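One chain, chain A, appears in both complexes that follow, with chain B as partner in the first and chain C in the second.
On to the complex of A and B.
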């Protein structure tokens, strides 16, 4: 049981990384990775939103939707929970750290449309995880997202001063970097 | 004329995927085969047109403060309907697209168009905008999956989405010994996307340069004409 949970943690953080292997959350990945500090802030905000949303939606699904036989309402319920949690995070950050709030800009409300969040909530249900597995997966996935986002922002800071062909400037070369990172991460596949 | 221009912008110049970098997740994830690309493209077009029409129809009665939650509930409902239809009529497509069908809810293109266009324009214009943007998305995923499927498997093939045993066409263009399986892996997705985006950006730069040159030439010609007029006087 314990070793299985550790394996799930390593898989969700590194091997089946949300960004590099499942292509989730690419909008903030491209959008807020220009500076290390904002990447770190974004990563933490996403970890918070996903852990909270994962727990609330899991509880809602099994305590409310299943007994009422309303399973088909899952998408609508989940997205409403996520939207309100993001609103909460936004209000909290606005009060507690205005500088970070400013640097995240439009990408903060856009956490609502960050696919990682909805994906974690849906996969928890569709894979039929029990509570320990759900906890590990819900924490591991955003950690993987934050880790990759931070590494990527560090590379991008260097990329700013690199001499890149005209048409690759900006996002295309960043995507090439992301591809190389995906290849590097796929080299970790032998861990388990 | 203006309407046509809007419609055409969505296809190439302001292509939602390669130009605006919206909806990247599904574009990279599902473009391993033409089948997936067409299925996803059609689903996105359907959701986009319907959500644009509904949101444009209710744009005057939705309070400004809660418009985003309202939009997202409408979109989620539409996506759930589409997902149930796909599950019922095209189970093979459902299993190969997997979680990316419900994830259409959080596809930035849809909420983006609702916020930027449908909440300000009439119903007909919004429907047309949805169609244009949706076709732009379909074009992008088709281009991606064309390259990726061809290089990864050496063949272009499609099966009937409603009956997977029925093969519509299958063209083996590259012998199987010479295929590059990397293109079906994440690395191939990122690389294909990067090169297509770079190609579009270089095309845009080319047009920009041409326009600049034309403007410059027009300026010089005008100056010369003014000079000649002066001398004649």
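On to the complex of A and C.
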């Protein structure tokens, strides 16, 4: 059981990475990766929202939708729960922690449309995870997203001062880097 | 699908939409902390012009 959970954690963080393997969350991956500080803020906000959304949607599915036989409403329910959760989190941060709001709050509206959040909620259900597996997958996936986002932003910061051909400057060379990162991460497949 | 499930589904959907609208309005009315009035997300990624963080083109 324990080794299975460790394998799931490694898989969700590295091998089956949301960005580089499943091509999810590419909008913030490209948009908020120019500076390491922005990437760190976005990564932390994504971890927070995904963990909260994963727990709430899992509970709602098995405690409300299944007993009422409304399983077909999972998609629309999860979308509305994520959007509501983002509003609630933003309001909570505004009132309780101005410092945290300054670093995370500005990225919260972006997360509503981040497909990694919805993917985690849906995979928890479709794969039939029990609670330990759900917890590991719900924590591992956003950690993988945050890790890749931070590494990518560090590379992009160095690319700003690198001698890149004119036609490759900006997004083109960033996409080449993303492709190389995806290949590098796929090379980790042998560790499991 | 029987009528009871249909009514339950509509009520459940209505409740979720109601919760979202309530939280959206509450969040909008909550004042931002001092020093956070003009924060920008520093996002220049996608071309979704309906995103609230999409940088408006200056004309």
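The working rule: the second predicted complex is superposed on the first by the 173 of 192 C-alpha atoms of A that agree within 3 Å, B and C clash if a C-alpha of one lies under 4 Å from a C-alpha of the other, contacts with A are read in each partner's own complex, and residues count from 1 in each chain.
To be clear about the criterion, a contact is a pair of C-beta atoms (placed from the backbone, for glycine too) under 8 Å apart; a residue touches a chain by one contact, two chains touch by 3 or more.
As the structure is a prediction and not an experimental result, all values here were calculated from the model.
Looking at the shared chain after the overlay, A:69 reaches chain C, while chain B stays out of its contact range. When the two complexes are overlaid on their common chain A, residue A:175 makes contact with chain B while staying clear of chain C. Between chain B and chain C, it is B that contacts the larger number of residues in chain A. When the two structures are aligned on the shared chain, A:80 is found in touch with chain B and with chain C. Of the two partner chains, chain B is the only one touched by A:167; chain C is not.
Touch criterion met: A:123 reaches chain B, while chain C stays clear of it. In the superposed model, A:22 makes contact with chain B only, not with chain C. The residues of chain A shared by its contacts with chain B and with chain C are 27, 30, 73, 76, 80, 83-84, 109-110, 113. Contact residues on chain B toward chain A in their complex (touch as defined above): 21-22, 24-26, 28-29, 68-69, 72-73, 76-77, 79-80, 83-84, 99, 102-103, 105-108, 111, 185-191, 193-195, 197-199, 201-202, 205. Of all residues in chain A, those touching chain B in their complex are 20-27, 30, 72-73, 75-76, 79-80, 83-84, 109-110, 112-115, 117-119, 122-123, 126, 165-173, 175-176, 178-180, 182-183, 186. Here chain C touches chain A in the complex through residues 5, 8-9, 12-13, 16-17, 19-20, 23-24, 26-27, 30-36, 39-46, 48, 51-53, going by the rule given at the top.
By the touch criterion given at the top, residues 27-32, 34-35, 38, 64, 68-70, 73, 76-77, 80-81, 83-84, 87-88, 90-91, 94-95, 98, 101-102, 105-107, 109-110, 113 of chain A touch chain C in their complex.
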